[in-house]
Amino acid sequence: MGTTYSKEEILAQQLQTAFEHLITEVVRKDTVFAFATKEQVSSILLYAKEKLGYISFVHLSCVDWLESGEFELVYIIWSPETKINLFVKTRLDRENPSMENTDMIWRQINTYQREIREMFGVEFPGFVGEKEFILEDWEDAPPMRRDFDTLEYVNDTFFEREGREDKQDVRERIAKRSGEEIPDFAKKYSRE
Amino acid sequence: MYNDKNAQTIVDYIQNFTRKNSLFMLAYGTGCGAIELPATLTSRYDAERLGVRGAATPRQADLLLITGYLSTKTLKRVIRVYEQMQDPKYVIGFGSCTINGGMYWDSYNTIKLLDKYIPVDVYINGCMPRPESVISGFQELKRLIAAGKADGAKKYKENLEWYRENQKKVLKNWPLVEYNW
Amino acid sequence: MNSLILLLILMFGGALFAFILNKFVPALRDIFVVLLMLGVSYLFFSTGISNRLNFDVLGIHMQWGFTSASYLFGIIVVVLGSLALIYSTAYMKGKDRLGYFYMNFLFSIGAMLGILMSRDLISLFFFWEIMTWSSYFIVIYSGNDVDRRGLKYMIFSAIGAYSMLMAIVIVNSFIGSFLLEDVFASIFAIGSGYQIAIAILLMIGFGVKSAMMPLHVWAPRAYSESPMSYTAVFSGALSKMGVFGFALVLFNLVSTQNWLINEVVAWLAAITSVLATFYAVIQSDAKKLLAYSSIAQIGYIIIGLASNTYLGVMAGLFLAVLHAVFKSTLFMAVGAVERQVGTTDMTKISGLIRRMPWTFVATLISIIALAGLPPLGGFVGKWMLYEALITSGHYYLVIMVFLSSTAAFLYSYRILFGMFLGQEEPEFAHVKEAPLSMLIPMLILSGISVLSGSHPGFILEPIQSAMASFGFQSNLPHESWWELTVLFNTWGDKVALVNVLTSIVGVFLIALAFITIKGYKNQRYVTTKDISSSGEIIQPEDNMTFQIDFYKPFERAIWPLLKRKIDDYYTDFGKGLEALFDFVRRFYNGNGQFYAIYVMAFLALLLIAGTKYFGF
Amino acid sequence: MNTILIQILGALATILLAFIVGMFYGGAHRKVIARIQNRVGPPIYQNFIDVLKLYSKETSINHGVMQHMGPVFAITASITSLMFVPILTDGNWFSNLNFSGDLVFLVYMMVFGSLGMALGAGQTGNPNSAIGVTRGLSQMVGYEIPFVMAMVALMTQFHTTSITGMIAVQQQSGTWLMFSNPFAFMAAIMAMLGMFSYAPFDIVTAPAEVSSGPISEFGGKYLGMMMTSGSIFAFVKLALFVDIFMGGASNLVVLVIKTFALYMIPVLYGVISPRYRTEQAITYFWKWPLFFGFIAILYAAF
Amino acid sequence: MVISPVQYIAIPLIAAFLIPLFGKLNKELVRIIPGLVLLYLSYISVVLMNQVISQNTMIVEIIAGWRPPWGINLVFSPFSGFLASLFSMLGFIIWMYTYNFKREVEDAQTEKFYVLMMMLITGTIGIVLTGDIFNMFVFLEITAISAYSLTAFYRERDGAEAAFKYLLVGSFASFFILLAIVLLYSQVGTLNMADIAQKMPDVNPYMKGVILMLFFVGFGIEAEMFPLNGWAPDVYTQAPGPIGAIFAGMVVKAGIYGLVRVIFTLFDVHEIFPLLMIMGVITMAVSEVIALRQGKLKRMLAYSSIGQMGLVLVAFGIGTHEAVFAAIFLMFNHAVIKSLLFLSGTYLVYHSKEKNISDLDGIGKSLPFTSFLFALGSLAIVGLPPFAGFWSKLYILMAAADVRLIAVIAIILAVSVVEIVYYFRVLHRIYFRERISTIEIKIPSFNAKISMLILAIVIIVIGVYPDLISGLIERAATDLLDKQHYIQSVLSVGLH
């Protein structure tokens, strides 16, 4: 028909043919998003690694979508042939978040999972790893969740030296300087 | 030995002389301040001419140098290392973070005030202190030693319970086996 | 009755009786064997060397009786045998087939005494074979992997024994007598080719038992997998039978024209000791380590004997005695650890020093003796060996010995560290010191090691008389044994052992007093978990001991030497043979017609060829 | 009685001499390194201060009796070796016991300390100690062989195994043995680089890798005694080399000059060298030094 | 009753025919009668041997009044007497073993078994005792026919096949020997062996060669010489255990007796000795290495037996007095030891269908006594002191060394190593494996134990004190080598 597809579109189509109901989006050059369900993630990763040549694991991160009550896990993988970053995104319920363990696909996922478990409290059932990664003996809520109040915790836990002047929340000032609005939902968690 | 500052015996004098002129330093370099130490120790500033030299393990060391912020996780190690050192021993806090938390004043994971947890003989201010300041800190410590006033270890021994209480406030599940005290 | 016969009857009859006793009254078995062995020891010491017994079997004239040389080895055998049996009573407690074990144990000790009292080659061989199979039965006692390990031992022993037998019958065909005296007297009258062949064949036989390269492949596993109480005797005394045989051959059957044999033997022994030491270094199992170490040490002994100088032979025999002493102590100590802890894998155990202090002391003393450090006995032997080799011009040989004994420091340290030092683990907190009947033999033997370091005279005196029987006249001053404390080499250089001892002990005590008194009040013990580990906090259950790949850097450095083991060549050879045998087997294809054809063909062949070649 | 008194006093004087000289040499070592790195460096007496401070440190913990005895083994070895090395060729004062030992004995005595130390280090349970010890022992196998080859070459060449005999040979012939058998000297000197464990053969105590290796659990008086022992031992090695290769010394000044000159070889070689891994060190010793040793023996024997 | 060598032949032959009759009277008698007969034979052996040795003669028994060289005669010389005594005593021990053996088979079978066994023993004893070459052939046929039947005793396919192979090859043997006898008779005109020996120098050398070759092959088949021994492994494997012992202990020995009697006495040609020795070496080497690769116990024992026979042939082939002494000693030792191995081995694989060595795993715990005796036999057969096998091997080696046959010594010793390997492999399985096989275990009956124990005691006693029988063997060797004495003794009988 004469239509030529870019390599990103080819990838998107490949993924869509392989997985039903998978939403893909070509964001920009060399970047493709795939919005998967929780169950699909591991098979997409495996498929991409084994069949499509996405042999390099770049990153696994977590986003706290407090307002919609969800965590979003983003797996970023990369192929040395096509040079495309494939973002596989999935959303978890914020109540008792849990995700399939995928560290058998790439061993380095282990480290990211440890971090996410500690910082966000996302559980990975069946996952073997050292119990503590960064926070030893942490008893509070996971600190990277947006509803965790850092200042209150600091005041409760640590000693402060008297007479320190520069101790204040600078977010308002930064927002003013750059001319941005602090969104309403964020104000709720503001220190002031 | 330290109780009467004005009356040093000749033995004390010799001891203090050797101690101040031979400081085996254990640099606890977790913070960013560790980058200043190579400069301090090598050709440009040459701390070795003052008798300061690196020690590899706390057993051999006299001086614990804490270079910068301490997270709760590293605090545990620092206490451990400090307790493994043998008397007489001195601590230098290095940089603003050890003094008042510095830029990490509202971090959930770094301590703000080092001398609540272990006794600090000398603080060196700055973020970061340059090698000149570090050497000046060494000189201050030497002055204290010569005067018999660098008695942090003794304070720690005497007020151990107070220190422990503070330490345990941060380190929830007290992890240290009580080997040394 | 002649006490020699009584000795043998007691040993062999006692062995059978122990077996039967075990069936009916197991409780008395231990007491019986120990008493029997003590009685035999008493009998042995009261026998002396002048007793001779002559008799004929099948028209072969035989003679029994100890010479001063064999008496020296006999002392090793009975002393080690008694101590090892005392040790056994505790070590073997609760294992099965004890009747079998003790029977073969006593058999092999009896056979060793038999070998030593043989003054003719046939009874020597007779007892040699008894020793072989009785030790073989103990080697396979543990029952694991007998097909490979046991067979290897048996095959090599058989090869050795049969080469001996071949030499024996050839000697007899020339001389017409099996008596050692006759053989020694007239060996040089026969053709020099046969002379050399006889010496070599005999040395193959003795070389197998003393585990000399390339006949050593049976030894590591045979030593390491026998019960340790027997390995003490196995490595300490039984391998010395090979040394005894070497002494007989080298001093009596090799003429001075054939000095090359001496050199070749010495070099083979040197290579043995170097390679075995290297293998010992890379072992991680204490028993195997000691097994390789034994091979290496016997290498030194044979080098000493083969050097054929007064000092060298004295060094060889001294080391033979001392090796029996310290190596059996070490095997006993390892056995004690095995019994108390359950394993000898040094990657698993660590930090037993406070649990088993006396075992540690015995091990430490024996290791110092093994490593040849002054002021213990090992140094005396090593010193004599080096000086003998240097003064007799074996320059490169002495380097080999030095290489081997320097590398021996590595495994010496390994075994002390692996078992006793390192971190003390909670899983070994329950471990108790070995029972007294195991400790006493070890400590007695350690005492001998210590005493021999400064006053070696009490060992050198019997060695002197043994050497006189080999034709080396004593040049030591005739002093009481406690006065013999200065060793000389032929260039007149000396080492004064008492000065050494005084200096070491004096400085050691002063320094120890100083370091102990200084700050005595503040002195305190901290556990091995309290170590500086870059701040990491070691929990009691963490084991930080460095045990795996202990000498990896060294292993890398010597890797080219270790790439291929001699064992592999033998295995390949064996496989090739079996394939060949399978081929031969096809001859019997099970078909009757073929068999009939064979018969006809054979007859035809005979009829055709017979007239031609058999000349009717 | 008088001779015994002189012997004891002489022994004490020897120890003191060895200690002082060794300490100053240690200071000089640090100073030389500093100057080469364009630093001022510590004063030359810095090592005395360090040792005194270590002895004056108060708390002393140990992990058991072997650790307690480790430094004692070390100092026993150094002092006993010292006793058997002739310090001066003339006079009674520094002769000690050197008439009753020989080179083979000395070679073994020198190992004694390392093994004793290794036992002490082993008991601390520190993995770094054990790693350091294994490296040290492996390296020892490396350098002992060329050293012994050199010694054997000299022994065979001059038909004596004692040091006094070697000195006598040199005094008779008037030539130093380093010229009589230069190959042996080469081998021995290269082995000496390893014996001193300075760079490039300092992987045993590499502070950044194994946190000072065997001594990582030793502090206070233990470390002090080890430094003492190390200084004495350095002196012993130097005196031994001077005796064997450089004709001995007739008085203390000559002794100091000769030993210092010799000492500068490992120091200067170390300053400009990076660090070898253990197997590299072993192969280093088993290449050229071994070759020289081989040649030396051939040269001596024929 | 006057004791005479004739009784060796007559009594068991009569007993063999009477056994079925006694079987009608009492079933137990069938089992008892052979024992009594063999006991009596053992008794007369002792008496006759004593007589022969002490008077330094040989007993020549004339049958039917015809004096040699015309009639058939029996010669009880030290050599043949020794073998006859050995056969009768061994026969008695084996009978003791068989007394309760296979009680489950039907009575008719038992009768047949004993009839055949008696005939077999009669035949073997006849071979060694007879002084007439044709008579020897007759006894050989008696032996062979009963052996064929016994091989197929179990009436199984494999047994029948083995028997058929034996029959096939055995008939060649009979044919060759008969042919040789015919040719010989045509040359010398007599069948008496002493007479033949006397007249042998007159025979045409070419005919002599042919006849000797025919004898060589014929007796070689019976003596299991390579490559004529194809029948042997199957027969040993398929025959009942005690019969295997009889084969190894007697039948083969009788074959060897025939061979050496023909070679040493009749022909006395020394040119054949190297051939004998070479064939012995090949037999030994080939069969021992094949034994190494066997997976079945009895087959292994069979090959081992062949190997030992090879060794005997080597010793005879050396031909010196010492060698012959060693050979006879080895024949004795082998008869005893191999019988012990067959007897004990039979119980070890009693219920096993395949008789695989792997079925022996861990049997040492279940059958301690039998296993122990098997182990003892193994140690003895490979020639380890202090057991009997050692001395005979030693003597063979000494004899070989005396004539500088170094290569032969080396081969014998190398083969001994192979022997050690396969016997010890079996011992390992017996003692050091876990028992996994579910095959039922048969405990030996008391009499079987006693019989095996007797053999074991003989082995140990001879091993420790070989002089016990060395005198007899010495005389036997002298007898075999002293041809003139044999001729004179036989031919002078009845002359006075």
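Each chain gets a letter, A, B, C, D and E, in the order it is written, and its residues are counted from 1.
Operating definition for what follows: a contact is a pair of C-beta atoms (placed from the backbone, for glycine too) under 8 Å apart; a residue touches a chain by one contact, two chains touch by 3 or more.
Since this is a predicted model, take the numbers as computed values, not measurements.
Colleague: Name, by label, each chain that touches both members of the pair subunit C and subunit D.
Modeller: B
Colleague: Identify the chains adjacent to both subunit B and subunit C in the sense defined at the top.
Modeller: D
Colleague: Based on CA centres, what chain would you say lies at the far end from subunit A?
Modeller: With centres defined by C-alpha atoms, farthest from subunit A sits E.
Colleague: Could you say which chain's mean Cα position falls nearest to the mean Cα position of the entire protein shown?
Modeller: Centroid comparison flags C as closest.
Colleague: Name the chain pair with more contacting C-beta pairs, choosing from C-E and B-D.
Modeller: C-E
Colleague: Can you work out the whole-Å distance between the CA centroids of subunit D and subunit E?
Modeller: Roughly 79 Å separates the two chain centres.
Colleague: Could you work out how far the Cα centre of subunit A sits from that of subunit C, in whole Å?
Modeller: Inter-chain centre distance comes to 68 Å.
Colleague: I'd like the Å distance between the centres of subunit A and subunit E, where a centre is the mean of that chain's Cα atoms.
Modeller: A distance of 91 Å separates the two centres.
Colleague: Where the centres are mean C-alpha positions, what is the separation of subunit B from subunit E, in Å?
Modeller: 97
Colleague: I need the residues of subunit E touching at least two other chains; which ones are they?
Modeller: There are none in subunit E.
Colleague: Could you list the positions in subunit B whose residues touch two or more of the other chains?
Modeller: Touching at least two other chains: 57, 59, 76, 175, 180.
Colleague: Please list each pair of chains that are touching.
Modeller: Taking the chains two at a time, the touching pairs are A-B, B-C, B-D, C-D, C-E.
Colleague: Residues of subunit C touching subunit E in their complex?
Modeller: 56-59, 122, 125-127, 129-130, 132-133, 140, 143, 146-147, 150-151, 154-155, 158-159, 162-163, 165-166, 169-170, 172-173, 578, 580-582, 584-585, 587-588, 590, 592-596, 598-603, 606-607, 610-611, 614-616
Colleague: With touch defined as at the start, can you tell me which subunit B residues reach subunit C in the complex?
Modeller: 28, 57-59, 74, 76-78, 80-81, 84, 175-177, 179-180
Colleague: In the complex of these two chains, what residues of subunit C are touching subunit B?
Modeller: Spelled out, the residues of subunit C in touch with subunit B are 526-527, 529-530, 532, 534-537, 539-540.
Colleague: Within the complex, which stretch of subunit B touches subunit D?
Modeller: Touch list, subunit B to subunit D: 14-15, 17-19, 21-22, 24, 42-43, 46, 48-49, 51, 53-57, 59-62, 86-88, 180.
Colleague: Where on subunit E does subunit C make contact in their complex?
Modeller: 161, 164-165, 168-169, 172, 176, 205-206, 208-210, 212-214, 216-217, 220-221, 227-228, 230-231, 233-234, 269, 271-272, 275, 286, 289-290, 292-293, 379, 384-386, 390-391, 394-395, 397-398, 400-402, 404, 406, 409-410, 413-414, 416-417, 420-421, 424-425, 428, 431-432, 465-467, 470
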